[in-house]
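Presented sequentially are two complexes of chain A, the first with chain B as partner and the second with chain C.
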Partner chain A sequence: MPDLTAADFVIIGSGIIGSTVARKLAQAGASVLILEAGPRVTRAEIVARFRNSPRRSDWMSPYPPAPWAPHPIYQPQSNNYLVQAGPYPYEAEYVRQVGGTTWHWAAQAWRNVPNDFRIKSLYNVGADWPFGYDDLEPYYQEAEELMGVSGAPNTGSPRKKPFPMEPVAEPFAMRRIRERLASAYEVVTNTTARNSRTYDGRPACCGNNSCQPICPIDAQYHGGLAAYAAEAAGAKLIPDANVYRLDHDEQGRISAGLYYDPDKISHRVTGKTFIVAANGIESPRLLLLSASDKFPRGLANSSDMVGRNLMDHPSTSLTFDADEDLWLGRGPQSPSSIGLMRDGSFRAEHAPYRLDFTNISRVDSATSALIDQGVYGDEFARRLRYSAARELNVKNVLEILPDPNHRITLSDQKDAMGIPKPQTHYSIDDYTRRGHERSQQDFRRIAALLGGSNLRFSKEGSYANNQHICGTLSMGNDPKSSVCDQWARAHDHENLYLASTGVLPTCGTCNSTENGLAVAIRTVRHILSENKVGDAPAVPRAG
Partner chain B sequence: MSFNLGAKRLLFWTVMLAAGVSSIVIASAAENPDPSLIEKGRYLATAGDCVACHTAPGGKPMAGGLAVATPIGPIISTNITPSKTDGIGNYSLEDFSAAVRHGIRRDGQGLYPAMPYTSYTKITEDDVAALYAYFMHGVPAVDYKPAQTELPFPSNIRFAMRVWNWLFLDARPYTNDPSQSAEWNRGAYLTLGLAHCGACHTPRNILMAEKTSQLLAGADLGAWFAPNITSDRNSGVGAWKIEDLINYMRDGRARGIAQAAGPMAEAVDNSLQHVKEADLRAIATFLKSVPARHDSTDPKPPFEWGAAGGDLSTIRGAPIPADRDQWTGPQLYNAYCATCHQAQGQGSFDGGLPPLFHNTTLGRAHTANLVMVILDGVRRSPDVSMPGFSDELTDRQVATLANYLMQQFGNPAGSVTVEEVKTSRAGGPSGMWMIWMAKMAVGIALLLLISIIFVLLRPPTALDTRSA
Partner chain C sequence: MGGVGSYTELVPTLALNSRSYRSSVFPMPLNRGRYILKGRTGYRKVFAMNNGNSVLRASDVTRRRLLGSLLTAYTASLIPWALAQPVDDRDQGAFLAVSAIIAGRQALDAQLAKRLYDALIVDDMSFSSMARELLSLIDARKIEPLNLQKVLDAEKSPLAGIPRAVARAWFLGIVGSGVKARCIAYENALNATIVSDVLKPPTYAYGVYGSWTGKPV
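Coming up: the complex of A and B.
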């Protein structure tokens, strides 16, 4: 099928960002080919695996990796796919399948706050973005209308148009938290891509409380829907196509992508423009894998910045028992948070953070804890009921600054296809640690206001990860210190774009998906204007 | 096909005379319509659900262009806005009445009975005048010309419709039955007339005319089934309370009994939910009196079948088959249904997510609607949205799931084959439609023959119902 081996645009990765880029380019009349390393999977299969899993709190258990395109697994044992070079482990989770990792998210779809774009100028830390909040505002809006986002108006991110819908009803526990903290904290409804009414043919949230690992009814948006939409718009999607190398011509233009099918038979596709959208770890891995005589450090890497400046959101937390029954677990998993510490002059000294309340049912975790303690019989029933009703958890979502020493490299170890595995070099620096220390006073105050007892702080020095992979394909105006320009075009290759949360120069205090998606939509706008596609389809179809 | 030509002829002239006289009387009413007349017309047009067929998806209201699938091919609805170029802007009240009530266009051509003029013929003169006032003054004119209906020979000979009307059109406005209550009469008027319930719920003969002897006894409707809504307790709505029927028509659901889906959901959305409660009560009252048509396969009311339960415990720990066609009923139920309808089919506490037992869709041995709901889902305004699974489930999976649901929650006499799912997915029993088409072709050829003979024997004016 010749139409499957050449296209105007070849997009590597079918996640929420790659698929949305594909959809918009296809809608503009271009021929688009998406190569996805992993398989097609239906929601029902994921739901069935989740309901059948004996490890309900292991959210990766419904997502077994494909042998030909593995992704990291840590429970019950690590599959050692993401090799840890230390000093601090970076145990990122992601999903390699059609639609990518947002099959598995809590749909938090935040905008940055405006000062997140200028922390170097304002606070002399980190880096400035090559553009500001106002520049991105219309693309945030577009991303929100596409995903069906709702949220509170007072989250520090100004907007010119309203959200496309009202927020999902506030769960009882969150209402009580908001009311009881009101004297000290403004608790706001999270900005989420979750339906409060039928939207885009998908139903409203009915409170299954399994957003992670899977929303069983598609009430929240995800990359699988983005991939279906891209295909409906005319993009061709090839699953099980694990791209292991990009080739270039004499001029340094990307000329072809090579992928293995599950039988390790190599295929070659050509295109006019290539867009790497394979997340913040697999994308730099692919660029590094594509090293050649002309580009010995890998593609797009004259700056040596590919894979560097790895950022995510480390979290520490407090679990305690409230003095009233709150029964977490009704409604979505992550409905409310506190944005008080997302920005301020303190950012010169320590990491800002968001405080996030979990609404995940405590039944599974409390059951495990009681069984571990050897509790059984009537006491078990009594204590489970107590914990399920009273337990609360609040965590911080800490900013981490770009640091070239935090990076993704190629490992000496190889995956099942014989391709070098990705390797991480990571640590938690003092800036972030000081943010964690500052947040402890908030944790204590929140617990006090809720009459908390039995306070259980997360282990000192231990940071949970949030899978918001940023920085490894950083955008910037200086080709010496960044991988791509403000349009996410690689400084080194005229026809290579990057569409990923990896392009975000800093990570702020909110989940990276909407930021990455808005930046990618802005990139598409630029590509279409450069190609004079505009309203009328004008990109010639590849022969 | 037996009829008394003489009686028909007598009837014809009587009707024409009456129509002619009445049109003179009411013609002046539309000149300066009073706003309340337009509003009355708007209400009647809503009750008649004109917009459902006369609006294309995404099109302007009443501007036509919707292709209505029929066994003889797609019939494309016309522009009935007051556009002078493309709509009915040049229609007089008399023209309008002839089209709506007798199926005759202004140019004298016959309409196809996809337009339910065989029901609308019951509309009173006052109401037709109100409708006319609304369509002329309450609907914005849209200059848009929908595609023409192009049916294959011989159905494209519209002249044949004159003979069809002669045979099947009982062109008389509704007259009150003095032995019944005013409410009953209002209900009969609406049910048989504007609401044209029989257009879907009454089976049709081979020439697509409603079988009057089987009024509202249930009929196939493409891949859906418009059920028996006669007063029979087990096969119809005899076991429903009046309030249940009102709730169903107004809200699209009667708790613990049934939910509207498919074409009925559209009827609720476009029309019935806007109908006044007194009128819904009248319709319900009439339906409860429609002569019972009993089907021996219905031993009890459909919503009395089933109970909470399920076999989900049998699938825990068992690997999920890689071949999706090998998934068991409980595995499919677990992955696709249990999230909303709950582990034991009990639905949500408030019935908003309905239970699957005590549910008419699963209580009939006729399973077409169950299959269609699994494939297409349920959508009703303002916010009822069950997703359809036609993109995800194979025919085998739909059959496996439907059979599990019927055994677990419904009438165990009902079953679904893979072939039936395939047929439903393709839009209904097309094989049967081919037979229908063949019969129609023979029938229409026969009508043409009759009409030629008729024309030779009679003065031409005899067939022109508008010449009076």
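Coming up: the complex of A and C.
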């Protein structure tokens, strides 16, 4: 097994966070090696796959897993990669390919609200972060400038500098929702990594309405762009390199990463510092896979917290017919929301939530519903046009609290490469359920203000998942109850950092990507201040 | 930012990658050289049609039968606009008649009809004969399109799956279900064309930046 390569920094995972960390370290003069389990895939391929998909509403259908780097698939049938240990299914979706899962996000680039950092102190629930909003504020700004974020200042997250871009133009349907709810709710334009003008060489949105699963024109930022930027900055990226183990020396320093190529030939890379950036499920999996005599519970796991405190955002929703034609599907997919219930003293009692309006075209879903009902002939066209024009949907985005029983472990089952699969234990607790119950009155009021009829609440007890995987590498000041310190350095290993939404101690009510990215940029700042980098690159820098 | 050669590539291409596993997720490219047959006269135009490996020309079509010649009075009365559709044989004719009844007053794309039919009979060898049976049943009992599925479901008819399969094919462009499902049409599936005056299928640009702010006509 030859020692093929070495670097100042070895980063496992080329998603938006890992690639951004790589870019910044490379820009500072370090040699950086990125190992990505999945293949390179182009935007054009993904668009073609979507258009040719028999399951257009299944946003994973354009992202089939590579056999050598599987990720969870649930339709048309589960590939049983993420083993479900119950009691409630946690059907997380993520993408293992160069650029990672933000290829198919809706570019929601939210900051927490300030109190999200202190819910233990303020409301006696969950956990406090090891730092506060003000500390993270400049890193939010940097993340927003890197991604190109557009937004309005009325979303509850104070800022010292303006957004890089004005809010994206409001779709007609969202304007009408905002106007008609104004007496009761402030409807705000979402902050998104979506261009409202040409930004960083990429065009403004032109309303393709396929933000998920793929923006066909790169009007929104994604990890593929971050990976290109890292390579342009000099990082070396090896795709199809499925890291299955990290080795350590006698001092507990990480000494090497071992990966399989698609033919299951093992390769070994060495580095001075290792950064695990393989998302909130694959990262803890790798740490657990790397158990040794010295670290029998896995790396970074003296606290037994690796993989625990798994969080995401469960959602319930209401679909109804408005009393005017609004035609969802014109413009970007997820433009507007209500932040009224993101924070307040009620957080001592029940989960806070954001209320989110979709602007996804209803045409395919209405078609399927009409076929199920056997509506044929002239009537089909009439009813389809009615539903496409009138249907609205509002969902909650509920906070879930950190709970050590919600976790990722290693399964007894193995994947195609012979590596133990990840296994999940998950449930929806009463705190979150009470938040869902409280949100029903908002749903009803919103429907009433829009003249709603034909109200269809999502099935009671059923929570949709939002793929915001958090908590499994939780940061904190106490090594007994957290995996890494406030700089995302593993408590147990001097040269091991974690760059992932997994480090977030709580999940708040907003999409996790910008939080994870801002925290990772803060980590880079710390690494650079502690290390003299770039004086002796171990890997020749590309370009 | 370097290394991003694709910014200006606004129109995605069907670029196949060399990885062999991808071929399994790449169905055939859609709608190459599409010619739509609309109305009673359009079929006399010269057009190309996929038919296995051969290409049919207008001279071949004129030797084929017209759908109207295969129908009884009742079914013909349901779909007067479709009577001039050319068909290869009785089986395809039955499929086309059932298609026209289910799709309602829509001009049906002859090339797409052929592709949908070919896909449906691959999935189910008995599809053709069941479509003919269904057509006979509709005629014998003078079943309205809107009642068709209700009647079949209520009677637990073995034909109950046929209208749904035909509806999925035309309205969604999807044939088959589960792991066998495949996409035959997208931007020309009928659910896209029915709303095309207001909405574009996702991945197709709505218009220039901000064009979505106005009230839809």
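Basically, the second predicted complex is superposed on the first by the 527 of 543 C-alpha atoms of A that agree within 3 Å, B and C clash if a C-alpha of one lies under 4 Å from a C-alpha of the other, contacts with A are read in each partner's own complex, and residues count from 1 in each chain.
Simple rule for what comes next: a residue touches a chain if its C-beta (ideal position, glycine included) is under 8 Å from a C-beta of that chain, and two chains touch if they have at least 3 such contacts.
Treat the numbers as computed from the prediction; the structure is a model and nothing was measured.
Novice: Determine, under the contact definition given at the top, whether A:P420 touches first (chain B), second (chain C), both, or neither.
Specialist: neither
Novice: Let me test your reading of the model: by the given contact rule, A:S53 touches which partner, first (chain B), second (chain C), both or neither?
Specialist: So A:S53 only meets chain C here.
Novice: So in the superposed three-chain picture, is A:C206 touching just chain B, just chain C, both, or none of them (first/second/both/neither)?
Specialist: Both partners.
Novice: What is the contact status of A:I217 with respect to chain B (first) and chain C (second): first, second, both, or neither?
Specialist: Once the two structures are laid over each other on A, A:I217 reaches both partners.
Novice: Touch check for A:A44: first (chain B), second (chain C), both, or neither?
Specialist: both
Novice: Who does A:P89 touch here: chain B (first), chain C (second), both, or neither?
Specialist: Neither partner.
Novice: Of the two partners chain B and chain C, which one touches more residues belonging to chain A?
Specialist: Comparing chain B with chain C, the partner touching more chain A residues is C.
Novice: Please indicate which partner A:G331 is in contact with in the superposed arrangement: first for chain B, second for chain C, both, or neither.
Specialist: Second partner only, chain C.
Novice: Could you tell me which stretches of chain A are touched by chain B in one complex and by chain C in the other?
Specialist: Comparing the two interfaces on chain A, one with chain B and one with chain C, the shared residues are 42-45, 47-49, 51-52, 54, 197, 201-204, 206, 208, 216-218.
Novice: If we count contacts the way the header does, which residues on chain B are in touch with chain A in the complex?
Specialist: So the residues of chain B in touch with chain A come to 315-318, 320, 331-332, 334-336, 338-340, 348, 353, 379, 383-387, 392.
Novice: Mind pulling up the chain A residues that touch chain C in the complex?
Specialist: 39, 41-45, 47-56, 64, 66-67, 76-77, 169-172, 175, 196-197, 200-210, 214, 216-218, 225, 228-229, 231-232, 325, 327, 329-331, 360-361, 363-364, 367-368, 370-371, 373-381, 384-385, 388-389, 543
Novice: Show which residues of chain A lie in contact with chain B when the two form their complex.
Specialist: Touching chain B: residues 42-45, 47-49, 51-52, 54, 197-198, 201-204, 206, 208, 216-218 of chain A.
Novice: Could you list, by residue number, the parts of chain C that touch chain A in their complex?
Specialist: So the residues of chain C in touch with chain A come to 1-4, 6-7, 9-10, 12-17, 19, 21-22, 24-27, 29-30, 78, 101-106, 144-146, 148-150, 153, 163-164, 167-168, 171-172, 174, 176-179, 181-183, 186-187, 191-192, 194-195, 198-216.
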